[in-house]
Amino acid sequence: MIHNPVPMSWYLILSAILFGLGVAGFIYRRNIITVFMSIELMLNAVNLTFITFSYKLKQVDGHIFSFFVMVVAAAEAAVGLAIILTVFKNRETLMIDDVSSMKY
Amino acid sequence: MALWLIPIFPFIGFLLNGLFGRRLPKAMINLFAIGSVFLSFLWAVRVLLGLGALETKYVEHYFTWIQSGNLNISIDFAVDRLTAVMLMVVTGVGLLIHIYSIGYMSDEGGYYRFFAYLNLFMFFMLVLVLAQNFLLLFVGWEGVGLCSYLLIGFYFLEQYATNAGNKAFIVNRIGDFGFSLAVFLIVRQFGSLDFTKVFDAAKTMPVESGAGILTVISLLLLVGATGKSAQIPLYVWLPDAMAGPTPVSALIHAATMVTAGVYMTARSAALFTHAPIAMDSVAVIGLATAFFAATIGLAQTDIKKVFAYSTVSQLGYMFLGAGVGAFSAGIFHLMTHAFFKALLFLGAGAVIHGLHGEQDLRQMGGLFKHMRITAITLLCASVAISGFPFTSGFFSKDAILVAAYERAPWMYWVGVLTAGMTAFYVFRAWFLAFTGEYRGHAHPHESPLVMTGPLMLLALLSLGGGFINIPHWLEPMFAEKPENQVLAWTSAGVGLLGIALAYLFYVARPGLADSVASSMSGLYKLIYNKYFVDEFYSATVVQPVVDGSRTVLWRGLDAGVIDGLVNGVGIRSRGVGRILRLLQSGNIRSYAAWVVLGSIAVLLAIGLAGGAR
Amino acid sequence: MNFLILSLIKAAIVAFVLLTALAYLQWIERKVIAHIQLRVGPYRVGPHGLLQPLADVVKLITKEGVIPSHVNKLFYIMAPWMAVVLALISIAVIPFGPEITVGPVTTWMQLTDLNMGILFVLAVSSVGVYGVALGGWASNNKYSLLGGLRSSAQMISYELPLGLAVAAPLLLANTLSFREMVNYQSGYWLGFIPRWNVIPEIFGFVVFLIAGFAETNRVPFDLPEAENELVAGFHTEYSSMKFAAFFMAEYANMVTVTAVATLLFLGGWQPPFPEPYSDFVPIVVFAFGGLIALFHGMQPARRKDKFTLPAAGLLFLGIAAIFGLSLFVPVLKAILMALFWFCGKIGILLFLFIWVRGTLPRFRYDQLMRFAWIFLFPLSMLNLFVTGLVVALTSK
Amino acid sequence: MTALIFFIFAGIAVFCGVSLVVQRHPIASALSLIGVMGSLAVLYLQLGGEFIAAAQMIVYAGAIMVLFVFVIMLLNAGAEGPSIGGSNLAKYLGIFLLAAFLGVISFIIQAMLPPTEGISFGAWRGGTALEIGRKLFTTYLLPFEVTSVLILIAILGAIVLARKEI
């Protein structure tokens, strides 16, 4: 078993597990930064599926897509963290439940 | 030959002056404005020299603009003999007026704006002239309308100027409406807008005895032409357009733009000649306009208004020429008119400039000794427009009148009467301005060379322009009409009679004019008030439209129906939203939970639908 | 299994040499700084303090590892080891010499080759900041926290010019592998100017070195551990082996940066002179050094020098003899020449690091950031741009 | 060998993922995330994506996560307190639902993909920098340029947001 090739589905299942953990973290955590990191975890999980399918199709396009995901994640992190800094400056809190004035 | 260069030069000038003019010194603005038109003129000359005799049309295709189904409209420029005449008139006279404007506008605010608009006008006018299809012509047509509007309202701080601009714009809309209907009908009938295709197809159709499709198209085109070229019933905007600076009146409202209707009629000759009813309408409208405008011109006291009505009247002549089939005579008159009417306006501008803005003839007089060059050049223009033998007006006007006689003798006689009135009112203006004693209070002075130079050039053209045998040049396109020396000399004689009368009334027996006016006070009041046409339009058209808009459209439709509908939708949505807003708690984590639930539902739906194979 | 054994042997050699070198690098630094400042430096332990590193190691190991009560224990303990591990990993992909054949075995003088070794080093070095940042944060001390903060901001900022400076020679050589990079730099222009990247990429080299100073937290960019404002910064609360680990990480990073600079810009193990002349350089250098030592041993300034200087001189002469011998043994020659030139270049760069530390004052923090963003970043960008343009224009 | 490495690093990834969710302290979560990223980078290498593995380390672990750590340290974010008003029942129900959902997904994936297809290290190494660069600057040139614009906008946005006046 150790020397057999790894079935592709395992990678996908790993990706699903990580994605699920990301979703759970997003819902469960209350610190904005941790919530943000949960999003990054989800993005990583998606990247893993891209790379896996790229291997299956023997095409490099999946890598390109995950590359773009990374770049977008970098942009998102820059803006998102700036927003978090501003929120903290204005409200002195990082708890996501305290930032709920955007409602009816 | 790169025809596109001709219009693009003024456009570049417009961009430079329009975008950066505010910060540029006047010399730079002059350089861009005059230089661009000069280059355009030079290139036009080079193109025409390069093309030689122009036996056939020279077309340049640039790119496809609109492609929709079978309709294929491209950006094409073309030059034929008709376009060649127009090109020379537009760029040549335009150049002279640009140069003149340096002097005339030197003390005015918005200097760069004026030249930017003027250059933009040149661009659109050249597009109009060079266009090889109806849509591109329409682009130029609308563009010159826009520039006309902008330049009439140039003194936009004055209420009358903005009103005049609006009036010109709105009246032109009516004409453009007809024009666009005509374009639609052409598309429907011929499946193309290209001049060559449309006219070739039209030539194969039989001449319509009754009211056929060509008649309808031609009449609609005529509606457009009456708007742009100020013919009855849409002429009312042109006298008011004199609110703009005088060079604008000369360039746009005398020499070039207002002749676009004549040009378009001549261009569409293939359509008109197959629709006799439309031809007759053109002739009758032209004749009526010529006559009525001339009568109004008899009693005006504002020097620019006199020339404005004169313009309307002369445009009527051109339409008369086109209507009786003498297209080449119409174009001939267009060209000579461009010379002497531009000169009249520029001369009037020089007078106004010299009198610091005074336009009333009653406040002038005896100016001859103060501004000799202006007086002499204006005299040249006056004899030209009066049809004095061997001046330019003599040849072109008589070509039209002779052709009219061929069609119907009464047209000729009305035309001759009008010619007499023309000579009378033009010389009335000249005598009032330059002879006798000075009646005003300003200190008259001669204009600088930059203004008088163009005047002298135009004076030469006015006197000698008749020897440019345009009808012969245009012969391959329009059949040349027969000549008739007797008729020509008759009308010239009537013109001389008009001059003599004017001399009698305003120089020899100055009191006579007032006594005649008082003895026929009813008629005098009628023509002094321009037949009350503006009041008539205001009562019958403008007021009903305004009232209708105010009561039915605004209070009824807009406030009642549309607002009610929108508000009703708003109130209902608010009601629904009041319930739904409970979902929007502001708590991000609950949103996330909803998103997760939703995606799980989607996944389940896909799975149940058998997507998981 | 042959591969495994070979790798183990190589790893053992590299680890032993590297760790020893790190320890002695510190001795050299102290000595050089001392001489710059007209002191003698370590002198008591062993001849000329040569055994000082050993004594330090013993001291640091046997010292009590104090764990302050207010720290976050897990991260406090993890941070220094993270730093040192990440610093040492990069050595794995650095080649020290060409392919050699010893008896039946043919191998490269390199632990492992990646065809994207340069990316690997960049990746590892970019993660290397966590040790410092985490240590500063876990100490739960405002000075240390400031040190950690400064370090992470500084590392991110200087990574940009560093990466851009690295990209330029990559464009020239069209490879990501260190070996091919060095091979690309072999040969000579006009027969005597070495085809090293430093000549066309002089700006890139300078930017790389400056950014390297910042990446290794060395003077003049040692803001994270500025003694006089932050009380030693991120390692204020550290003692004994954990302190030593941070120290080791710093020196290992220095070695990595200089090695990468050598490989990318200075032609790796390629000698600066054409083949027959370059062979005699090490012999001349070592023999000259030995003779000088012997000469001074003849007229000793101190009593101790009567023995130590002749001993050192004899050692140097012996090394010179070995190099001379190697001219007749091809295997030995390949190994020794490559090592000599490679270590020589690294040594010169390391000396530069120490020299700078001995002479330049520390930057202020805002100056540091402005320098990176306003000067270095545009410069490296421009350098890369010009390089790219030249490559694009000259490539077929 | 492939399987062994897969199990080791998949295990680390899942462990770190769980740790990310359950750790109370943001720094701990951040380090866990770095662990996930590192182990995923190894898995990428296994799948022949050597460039993307390096990019994962340089961009994600080396830049983005450093930013996160920097912000956490800058704001001195403390540990989350116990959640207020959340019942334990909901928590356990959530865990159960997550597990059940993941189980279903895994089953679907297993059913969809034939188990015969396997992945072995080195069987396909198309993800080199050369290949990716070639694709990136030919087929995907426009997206690439658009992303660069996006980054520029993000930089501007971050600068505007982080100014003192807001």
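We just call them A, B, C and D in the order they show up, numbering each chain from 1.
Convention: a residue touches a chain if its C-beta (ideal position, glycine included) is under 8 Å from a C-beta of that chain, and two chains touch if they have at least 3 such contacts.
Source: prediction; values computed, not measured.
Participant: Return the chains shared as contacts by chain C and chain D, ordered by label.
Facilitator: none
Participant: Quick check: more C-beta contact pairs in A-B or A-D?
Facilitator: A-D
Participant: Mind checking the centre-to-centre distance between chain A and chain C? Centres are C-alpha means, answer in whole Å.
Facilitator: Using C-alpha averages as centres, the distance is 37 Å.
Participant: At what distance in angstrom does the C-alpha mean of chain C lie from that of chain B?
Facilitator: Here chain B and chain C have centroids separated by 83 Å.
Participant: Measuring from the mean C-alpha position of chain A to the mean C-alpha position of chain B, what distance in angstrom results?
Facilitator: 66
Participant: Any idea how many Å lie between the Cα centroids of chain A and chain D?
Facilitator: Result: the chain centres lie 5 Å from each other.
Participant: So which stretches of chain D touch two or more other chains?
Facilitator: Counting only residues that touch two or more other chains, chain D contributes 51, 63, 67, 74, 101, 105, 112.
Participant: What are the residues of chain C that contact at least two other chains?
Facilitator: Residues: none.
Participant: Okay, in this complex, where on chain A does chain B touch?
Facilitator: Where chain A meets chain B, its residues are 23, 26-27, 30, 35, 96-97, 99-104.
Participant: For chain B, which residues are in contact with chain A within the complex?
Facilitator: 577, 581-582, 584-589, 592-593, 596
Participant: Hey, which residues of chain A end up touching chain D in the complex?
Facilitator: Chain A reaches chain D through residues 1-14, 16-18, 20-25, 27-31, 33-34, 36-38, 40-41, 44, 47-48, 51-52, 54-56, 58-61, 63-64, 66-68, 70-79, 81-86, 88-89, 94-95.
Participant: In the complex, go through chain D and note every residue touching chain A.
Facilitator: So the residues of chain D touching chain A come out as 1-4, 6, 10, 13-14, 17-18, 20-21, 26, 29-30, 33, 36-37, 40, 43-44, 47-49, 51-52, 55-56, 59-60, 63-64, 67-68, 71-72, 74-75, 77, 80, 83, 91, 94-95, 98, 101-102, 105-106, 109-110, 112-113, 115, 117-120, 123-124, 126-127, 131-132, 135-136, 139-140, 143, 147, 150-151, 153-155, 157-159, 161-162, 166.
Participant: Enumerate the contact residues on chain C facing chain D in the complex.
Facilitator: So the residues of chain C touching chain D come out as 72, 75, 114-116, 119-120, 122-127, 129-130, 133-134, 136-137, 145, 148-149, 152-153, 155-156, 159, 163, 176.
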